[in-house]
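In the two complexes that follow, chain A is the common piece, with chain B as its partner first and chain C second.
Here is the complex of A and B:
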């Protein structure tokens, strides 16, 4: 009986310590983002490569998925609105649900699956190969050189790709509103403008930035936890990805709470 | 030509940023962020249902929003609304401001302008807001229905309690029905159950038999009467019956009466002629009378003349 409570206590302490460590680590990285010294030529080169791999390379696939998935989603939602006689809420559903909620979520899921897993593995492999130790030996700041470019890349990529996704959804919404409701572009635009709330858009953009920050920071953190054995790589990668998805859910819930308040 | 990685990243960030900024600017322009705003103040006795940011609607379109709510020294709520320049034309001096609180959905101020040619509303003028409340209206409509439902429920309760009461009407009816069916089961017929005496049933049967004999006799008499009626009918209405002969006689009388009518007409004419003749006699008589009177007057004059002269001589005309 005693051992059960001990185990439970130990687990809770471990969890809280890990959470506090992550927050402290996030704080350190966040501060470095605003430091001029961080932006060395090597760091800028890494940042450029990261944006290229995360956003530019994925762009055709991302646009294709956004158009297909977004159009399908908008078509289904509009059809449901028509069937249930809720056409009056058309604008609010389009802006409040599809643009400010589903679009960032779709983007963050795509980027997490493609880039966050890659970052997690890359960091773990570097740790196993003692590349991190070598960089430290050459007095290269690991946070400035490896972490900050990836985190900034995460923020920029998620914000820009999510905005693109929203615009693609709004454009496909024009087509579906005409097909399903027989709505002209003027009426569609007017409904959209009436339903637009700048505070919601700002919350959505801020949420995207938070997503970008954590879906790169958490994999880096877990990747750096790898030991010098190859077998530790899959363990830290799986742990990192589980934590990334948990973070996505937490951020989503927090953003919904912000909207409610 | 192979584009460099830097160019591709720069192009992506630049283009996406421009698209996003243009979209935001379009939304901002559409929302009237860059437009001049006109402030109007409307009043209400209660601030219930009003919120800052509440939309102001004209013909279903958002034309502005509530900027601020204030309570003045007289305890009246002042609602300040801001209308962009392009929508200010809908706000006229005869515009009615209605707070509409639907049962579902958010409240809004609806502007109703009947005459768009009326002068624009002075920004210093403070019209009062009319309040339309769907929730209260719905409750007011539901209340009588609820009262009726309550009455019905009371009646149903009374009925069920009556039904469940062992001394109630239903139980009494059911026990009586039970008695009747038992009684009916023990008797030979329904009549026996009603009169509860076998002798009476026998007497009733005899009476019914006699009644049957009587009806048979009546039937026979009626047949005879029918035959007699047939015979009488042929004697009266038959070919050589009384009625056709009467008809012939009547036709003859009518012909004779027509002739008699002519004779009477002639007699009437003669009598009228005679009457005319007598009228002429009267005239003749009066003429003679007049002549006589004239002669008499002449004689009198002559007498007078003769009386005055001696040895009168006169010549007879």
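Here is the complex of A and C:
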């Protein structure tokens, strides 16, 4: 019985220590973002490449998924609103649920699956190949050169792609509001403007930035935990991805609490 | 182009300028063609010169070569290395080569 409590206690302490370490590490990276010295020519080049890989290369797939998934979702939601006689809540559902909740979540899931996994593996491979050690030998700060560009890219990409996803959803909403409710564009726009809450949009954008920060920071952190053996790569990648999904859930719950308060 | 990174990072040199400089230095050792190749695509001589130039890109560089014949195992003597070092001798302050005593004969009179 005692060993059960000991094990449980050890696990809890390990979890809390890992959480505290991640927060301290996040603080370190966050401070570097605002340091002018960080933005060397080499770092700016990495940042541009990262933005291209994450935000531009993904565009065709992202737009296709947004259009298909968004249209399907909006169609279902509008149909349900009509069936339950909740047409009056149409604007609030569209802005409050679909634009400020679902599009950031859809975006962060897509970027996590595509880019966070890639970043995690890239860092682990660099560690195994001793490339990180070589950078350190040449006094190239790993945080400035590798971490900060990826984290900034995460923030920029999630904010921009989530906004794009919202626009796609609102455009498909125009079509479905006309098909299901027989609503003209003018009426649709008017309802949307009346339902728009500026603070909700700010919270959504802030949430996207937090998502972007952590879905790049956590994979980097776990990737750098790889040892010098190839077998450590799949271990750190799977640990990193599990932790990223846990972080997404925590951020989602925290944003919901912020809205309720 | 990893050679260019040192200048880009430490001296905030624009990417194009740093890459031009790296290509220019590679051409000095007759290896301009390897500028855009990755490490696994290089032969031992090319890899050695890449590492040498990368070390020389640091300001007031002091180069230390540890067991060069381990990097280029098929070399019969030190001539290739001394020739490469001579071609870039304005880029570093000093160079030291360390190796085991039993490799002495490969170094000749050096």
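We take it that the second predicted complex is superposed on the first by the 261 of 261 C-alpha atoms of A that agree within 3 Å, B and C clash if a C-alpha of one lies under 4 Å from a C-alpha of the other, contacts with A are read in each partner's own complex, and residues count from 1 in each chain.
Note that in this section contacts are C-beta pairs under 8 Å (C-beta built on N, C-alpha and C of every residue); 3 or more make two chains touch, one makes a residue touch a chain.
Keep in mind that what you see is a predicted model, and the values were worked out from it rather than measured.
S.K.: In the superposed model, which partner reaches more residues of chain A, chain B or chain C?
M.R.: The larger set of chain A residues in touch belongs to B.
S.K.: Going by the contact rule set out at the top, does A:12 touch chain B (first), chain C (second), both, or neither?
M.R.: Touch partners of A:12: none, neither chain B nor chain C.
S.K.: Between chain B (first) and chain C (second), which, if any, makes contact with A:80: first, second, both or neither?
M.R.: neither
S.K.: Quick one: classify A:42 as touching chain B (first), chain C (second), both or neither.
M.R.: second
S.K.: Touch test for A:138: chain B only (first), chain C only (second), both, or neither?
M.R.: second
S.K.: Applying the touch criterion given at the start, work out whether A:31 contacts chain B, chain C, both or neither, answering first, second, both or neither.
M.R.: After superposition on chain A, A:31 lies in contact with neither partner.
S.K.: Could you tell me which stretches of chain A are touched by chain B in one complex and by chain C in the other?
M.R.: Of chain A, no residue contacts chain B in one complex and chain C in the other.
S.K.: Inside the complex, what are the residues of chain C that reach chain A?
M.R.: Residues in contact with chain A: 5-6, 8-10, 12-15, 18, 54, 58.
S.K.: Which residues of chain A touch chain B in the complex?
M.R.: 48-49, 51-52, 55-56, 59, 88, 156, 160-161, 163-164, 167, 189-190, 193-194, 196, 198, 201
S.K.: Note which residues of chain A are touching chain C in the complex, please.
M.R.: Those residues of chain A that touch chain C are 40-43, 45, 138-140, 145.
S.K.: Which of the residues in chain B end up touching chain A in this complex?
M.R.: 5-6, 8-9, 12-13, 16-17, 19-20, 23-24, 27-28, 30-31, 55, 61-62, 105
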